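Just so it is clear, A, B and C label the chains in written order, and each chain counts residues from 1 on its own.
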């Protein structure tokens, strides 16, 4: 199966003295759900931002949907790649849900009718149909997260990439469950950076552990999250789900 | 700082009003904006002693408020911000202008009183007319109207963004000041040592947010234009509404309608 | 300082709208030339921030009262004068529509009195030349206070001029000025100090965030000496206008007597007098309904009142009747 993301020897530094990412190589297949975990400051968000094209001065090679990640391809790539920010309010800058979700399609030249159809479909996938006309600032945290995802889905349909930075932060249990269900239903390839290891367990079959600028583990989520030693060596702790084995 | 909480509630209440599905809400916003401006120009063009003529202009806001179920009490409350300045300026008139105009029932009405009255009436009518506009038209629709009236795109975009983030900022300011008050009981405001840090931190966070907004806009292909839309009653109905009101208002400006009607009953 | 609609006549409002539109058009051009797409979301978010921050009470030490931030100065220091002006325009429009703070017709005046002076004068004439060479904490404080004081004085003075040119008040010029200027001097001082405190905080945390035109581009255009000359000329002009008004305009009572009694004698004459009169003449777009001072005035008033009550009652009845009818149809 052809990869939708191909990363070769990615290196990145903010300041000349220290490389935050120092030689990362991996590939993601269409529809795959990959968790990105690691201690604070290890570079999870940086990694996602590089893939989104928000930090263009990287070293190495990145290909997304067969396009090399460079400025001249940003338009094409961003048609297929979406980024869900940790702070949803920064991402939802129109006044109502449907206006915001239609923002991407209209910018990419969809006609009004096509845009409306995409919006409807995207809201359906995220269970937000009833909130189409609602003002953004009246949405709950969970609803904002879903609105942000809908905005991405409206543009890329099913065959793209969705990057999520700390998606479960400040969500109450019900919204969290809802988000997990929505993410599981998305056909796009997904990269989720999160501290919430239980959330990663519920949404990603594959997980990458970053530490010291490198990929220390890349494989099955369950096996990683059970490995107390490996987690603790890299600044993490066992997720709650795995502390009480009887519950699984 | 109860101001912040009140501001948030005011925005919510206006949006609730403007989002109703009444006839006036569905008139094309450009028509409503133009009628409002025309009304304001006509009202302000009345001479300072023309009380009876001016009085006739009360019908526009009155009819719209009653037909559109808009609370007159709320409209009166909106006089608050401009009341002080207008009152101080207007109340001076009877003192400085004591030319007698007419005697009625033993009371001498002076020119100063008349000019004060017209000033107050004009203030009230203007505030009510603006209230009627914003109570039947959402901010997005007003921006749509402004765009149709050829206001530059950049200004409309900035307007929409300010409005979008306004409630967020008001809530954040509210939280920050509440947190401050909890640790500084008895103080009515932010003291000097906290002037810089309190507002400064909020400012820096706002700039960071602006950076993120910019990033998410570019991620979704922003090219400098916000696409606005609306669903209104058929255009010719809105045009008819606009033309009729403009003509009626012009008639009331040129012709002393009230006086003519009154003369029918008084010889 | 937000002016209500009733304080201006259409001619004055229209003039100020034209002036503000010109300033806005110029600002848009300059912002487009700067070509920093990042600025647009910054204008929006900062506009919302300033809006909210201006509602925070900052206690003035020693007194029991509080002051607020100077939005125009803050925006100029963060975004530059042109982006700052456009943002202030947005803020004033939303304040006018949503909070009835200032009238829609008077918006042109308010934009000029607050945004133009605050951003163009405060930003271009004061902030920029002083910050160009070197940005220090002392300079930031001094410039912030000076700019706030000066721009508020100019704004308050403009409010007076616009109100008097509209002829809606009998307040003599001297009384009006005597009230407006000192109050706004105090306000300007306080706002300047508060704004300075915030800017100093930003300067210490992230100095690069404060707007400072790079010297290379605008070399020689605005020198300190030139700024002084401009300010001095402005002061002389304002002073000249003041004395002209003071000598030419009779006090309010005589002025209104002239107008209403219609005597051919003018108590004083002078350029300002005729100017004011011609402005007033043009403010009546449509012919005024003549108001004569005689017994017929009483008759006019009574018929007007009676007719008014009748027509209003009829309209109210019609409105409620229609609402009832519509409810009956739907219910």
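By our rule, a residue touches a chain if its C-beta (ideal position, glycine included) is under 8 Å from a C-beta of that chain, and two chains touch if they have at least 3 such contacts.
The shown structure was predicted, so the numbers you read here are calculated from the model rather than taken from an experiment.
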Co-neighbours of subunit B and subunit A - touch as defined: none
Most central chain, Cα average position: B
Highest-count interface - the chain pair sharing the most C-beta contacts: B-C
Mean-CA-position distance for subunit B and subunit A (Å): 43
Centre-of-Cα separation between subunit C and subunit A, whole angstrom: 48
Chain centre separation (subunit B, subunit C; CA means) in Å: 17
Interface hub residues of subunit C, defined as touching at least two other chains: 41, 44
Residues of subunit B engaged with two or more neighbouring chains: 139, 160-161, 163-165, 168, 209, 213, 217-218, 222
Shared-contact residues (touching 2 or more other chains) in subunit A: 93
Complex contacts: residues of subunit C adjacent to subunit B: 2-10, 13, 24-25, 28, 31-32, 37-38, 40-49, 51-53, 55-61, 66, 69, 74, 78, 86-87, 89-91, 93-94, 96-105, 163, 167-172, 175, 179, 194, 197-198, 200-202, 205-206, 209, 251-253, 256-257, 260-261, 283-289, 291, 293, 295, 297-298, 300-308, 310-312, 315-316, 319-320, 322-323
In the complex with subunit B, residue positions of subunit A that touch it: 52-54, 75, 78-79, 82-83, 85, 87, 89-91, 93-96, 99, 102-104, 106-108, 112, 133, 135-137, 151, 155
Sites on subunit B touched by subunit C in the complex: 1, 3-4, 7, 10-11, 14, 36-37, 40-53, 55-56, 58-59, 62-63, 66-67, 69, 78-82, 85-86, 88-90, 92-93, 95-99, 101-104, 111-112, 115, 118-120, 122-123, 126-127, 130-131, 133-134, 139, 142, 152, 154-155, 157-166, 168-170, 172-173, 177, 187-192, 195-204, 206-207, 209-211, 213-214, 217-218, 222, 224, 250, 253-254, 256-266
Complex interface listing, subunit B residues touching subunit A: 15, 19, 139-140, 160-161, 163-165, 167-168, 209, 212-213, 215-223, 226-229
